[in-house]
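Next up: the structures, one after another.
Common to both upcoming complexes is chain A, partnered first by chain B, then by chain C.
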Partner chain A sequence: MDKRAGCIGYYTDGDALLVAIKAIRAQGIEAFDAYSPFPIHGFEAAANIRRSWIPFVTFAGGLTGLCCGFILQYWTSAVDWPVNVAGKPFNSWPAFVPVMFECTILFAALSSVAAMFIVNRLPNHRNKAFDPALTRDAFALVIEPAIEDARAQAALATTGATGIRSVFVEGWS
Partner chain B sequence: MEHNYQLSKERNNILRGLIGLGLLVGALGLIIDPARVWVSVLHNHFYWMSIGIGGLFFAALQWVTGAMWSTSIRRILEAFTAYLPWAIGTLVLVFFGMPDLYIWMHPEHVIGDPLLEGKSGYLSLTFFIIRNLGALVAWIFLARKMVGYSLEQDVTRDYALTLKNRFWTPVFLIVFALTFTASSFDQIMSLDPHWVSTIFGVYCFSGMMVATLAMLSCMTIFLHHTGKLRGFVNANHLHDIGKFLFGFIVFWAYIGFSQFLLIWYTNLPEETTYYIHRFHGAWFYVSLFLLIGKFILPFLYLLPRHRKRNVKSMLIISIYMLIAQWIDVLWMIQPEFYTEGPSLGWIELGITAGFFGLFFHALFSFFSKHNVVAIGDPRLEECLNHHQ
Partner chain C sequence: MTTIYVPEELVTGGKTYADVNNDIAAPLERFPNKIWWTCFSVAVLFFSIGALLAADMFMRGLGVLGLNQPNGWGIFIVDFVFWVGIGHAGTLISAVLFLFRQKWRTAINRSAEAMTIFAVMTALIFPVIHTGRPWYALFWLLPYPNQRHLWVNFRSPLLWDVFAVGTYFTVSLVFWYVGLIPDLASIRDRAKNKFRRFVYTVLSFGWRGSNKHWSHYEMVSMILAGLSTPLVLSVHSIVSFDFAVAHLPGWHTTIFPPYFVAGAIFSGFAMVVTLSVIAREMFHLQNYITLGHLEKMNKVIMATGLIVGYAYSCEFFIAWYSGSPFEGFTFINRAFGPYWWAYWTMACCNVIIPQIFWWKKARTSIPVMFVVSLFVNIGMWFERFVIVVTSLHRDFLPSSWKYYVPTLHDWGITLGSFGWFFIWFLLFCRFLPAIAMAEIKSVMPHKGGHHG
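On to the complex of A and B.
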């Protein structure tokens, strides 16, 4: 069975899951992921998940949008087709600000969504879910296949999991 | 454990000394240059009064939305209202200075000027006093009521008091919106009675929120430092205050630019005078400071997450924003009197020191009498477990 996707352990609630994560990490296992139908407070700290780099993409996207908004208006109203509006200079930056602002928001938002897709490796239509119940009422911890099955099962058994089994890339055993 | 905070005798004496210094400088200034004293009194009156009422506004926002996260810091906001009775005193000082401050007080300017003649019913001494005094009295009345319920809850822990405040806060918010706009129109916008800007009240409100949140952050950090808030606030509370501060810095810039853009675009002579005065001479650099120093730099500084969660960086930016807002009020008032540039001498600084002493003396006498945390609030438990 070389198509192992890891080893899964089920828990009754979010608090039990947090305890289990701490117990697993105490045994030196860091290659794991946790699944819950809703966000659990304190999960990031317990699982030692670092901050995502998406905010930097958002900032860069916003900055790009700001500049693009300015260049677009500068080029159209001062270079390519200058039109005298109310005797104001062709390059009237205060009039450009609203569109620059909108472009900032647009670029920042779209680049954040794009970055989120990349971070989460979406869209993903090949891999099936481990268990549909994970989106409903089940809490689970999955130890990645880098840890051999026997060790993963033994580790999960010490954490108070209510059910433990191996999972495979196509469905589970 | 005692939950009130007693300022040390030496520090209290420093505050009293500052009040004395302010009075002394004011009295000396009245002999040398009374107009400068009145301008500075108006400037500081509006600035500190805004923080006083801003505290009640933000506390009211917490009651009306049923906010949980802010329960442990709400009392600090309530304490700001302890300054409001003193603001009546400083408002009376403004009344004495009115002949030096407001050009519409002088019939020789009003008669023959169709615009001012038309406004003379509204801009008259009696009506001015009624409006501004009435607003402050209404604020103090509602502050006593709502803060009173909150203090009562420290003892009784009665949830009905939360419900009472939930009833009174919308009343206050409506009264506040109307009276604060009127106060800013009266006290600052009417310095140039020919000029009107319908967004002016919102502009003053946005600055008020920046100052209030910066003061809230300073006092939270200070009281936490003294140990009185230990166990009641964590980095998540500071983070939320920082997010609000960040948001209102952007809101201030948005409102300030909205006011500027429409006047610049329309280019009507009666409207552009306001900005012509403020782009003239040294005032241009003050205007530039407001754009860069009150928006762009604090925006970039507060953007990273860790700055809003760090005590030191929050303290730095809060003190800085309090000073920036003080300069903003200066920028709204002084160009009407000093056309070439700001007047910042011993008179202005001395009077500001006096107001500083008065505000913090009122604040700390509140803290010495009352708990610094709303310990009886049923929402406190939820607040103490505040997560992201």
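On to the complex of A and C.
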């Protein structure tokens, strides 16, 4: 219960939060995160976060799926036990397209979700929400422990945040 | 003169963000009411009837069904296509309308996606029990190394179906669950009971609403929507290949893939309207699933109904234009042969009755839309019946023509499938948020407090 997770301050809505992020960054503080019940549009730009790299995972996953789908069908139909079906060639690739397509989608979708779980470090059951209201109707900025408490609290105060206090990794106190 | 654009109010009643949580999560936190228990008992009863008849069928064999020569496919295949079709509206709402930035989808996407998953679970039962010995189905359907060293036939549309429906189920389930994570976290955070908090903590994976997480999360939502869109089109196209690839008049047509997809969306939207009308009354969600939402769905029903009507007439035109006597016979036999009653039930329910939605009064009337949605469901079930049975019962050799009559087992197992579907749907309404809370908050006016 004593590992500090940073310093929290609340705002009335997402727009106020975006203004505050710019003000905090102007003070040279980059170690922060915003918490809200739904995504705040414009957060990436305001916090200068790069666009998510998950689409590259999707592409690689899809390509893997496409190849696996073809190899599975080619190997079973033309190599391991070739069976003459209606006089079609053993490698009747046009008939393999539907399954290749489905494998592409399956691998792409599952790899994207897996990437999201890994990059967001989920599941993480030890970490509870800092405040139950954050998944309901509260908008908060948390300055991470890299910034010492006094400086973080002062910075939040200049942006008009309310309810400024320290939060801890497990639960909040 | 300038026109001022006033954005449509998607949530009525001046609700705040906190009200959203209270209204949507409350039904999960109190003991279910009498209506819920009544519905659940009826669903369990229907399912039990189906399960008993299915058990009897496994012991005595497929002979208890109405199948005969030449009707090798019957009610089970009709039910399979029907249920897969029902599922498609959920994906259309969650994926296609997402890509088109249709914000009204937020009110219905969660329950429509749940409907997709349960409908596909119901559909999957039919091909498996239709094998007669479902404990061998794994060996017949999936390509895994086995002691016979035989592989499945990848040139068969029936096997494409296994991959298409399997992928569809997996991706829909994952898409739905990813959407649920933030809402499960909301329910965890408002839980007073220790056990409930524990369950929803596990289910929500420790989601905290960090915007760094939201950034990746939104990207994944968009990717899944982008992947689901071609997927849903492929699934019913491949289901239609089950018929279109066969050289049978009435099945062997190139119009089948788009015709099946349009029909699937048509029937699926009708089912969404049926379920939404019930759910908004049962859980008092009138401010979230508004008349405006229902009207939009009715417009989709009318539009896809017209596409389906066009497909029916186009099939007849091609049957004549192709000059094939077999094709011509099949279609005349469809409308005026022994199964004329099925054909005209289909045409009335799917093409004529939805035309009432040209009137705004009908589109915005709850009783009218409820009745029309039931008719569309009946009509779309008959469409599959017409496709399967009328094409089969009179084949090339008149001496083998036979009338197909479904038996008690056919009907009882169909009834059981409705029970199975509603058991899952009612449990969903009971344990999970039926409306996507995080998404609906993002389309509400920009303030935490009361607006207006």
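Here, the second predicted complex is superposed on the first by the 170 of 173 C-alpha atoms of A that agree within 3 Å, B and C clash if a C-alpha of one lies under 4 Å from a C-alpha of the other, contacts with A are read in each partner's own complex, and residues count from 1 in each chain.
By definition in this document, contacts are C-beta pairs under 8 Å (C-beta built on N, C-alpha and C of every residue); 3 or more make two chains touch, one makes a residue touch a chain.
Being a predicted model, the structure only gives us computed values, none of them experimental.
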Partner chain in contact with A:42 - chain B first, chain C second, else both or neither: first
Partner chain(s) touched by A:159 [first = chain B, second = chain C, both, neither]: neither
First (chain B), second (chain C), both or neither touched by A:137: second
Contacts of A:12 with chain B and chain C, given as first, second, both or neither: second
Which partner, chain B or chain C, touches more chain A residues: C
Contacts of A:81 with chain B and chain C, given as first, second, both or neither: second
Chain B and chain C contact sites that coincide on chain A, given as residue numbers: 51, 55, 86, 95, 98
Residue ranges of chain A touching chain B (in the complex, touch as defined): 41-42, 51, 55, 59, 86, 94-95, 97-98
Residue numbers on chain C that touch chain A, as the complex places them: 16-18, 21, 143, 149-155, 157, 159-160, 163-164, 166-167, 170-171, 174-175, 178, 181-182, 185-186, 188-190, 201-202, 205-220, 223-224, 227-228, 230-231, 234, 238, 241, 437-439, 441-442, 446-449
Residues of chain B touching chain A in the complex: 257, 260-261, 264-265, 267, 303, 305, 387-388
Parts of chain A lying in touch with chain C, wherever the complex brings them together: 12-15, 33-40, 43-44, 47, 49, 51-52, 54-55, 58, 72-73, 76-77, 80-81, 83, 85-86, 88, 92, 95-96, 98-99, 101-103, 105-106, 108-110, 112-113, 115-117, 119-120, 122-130, 132-139
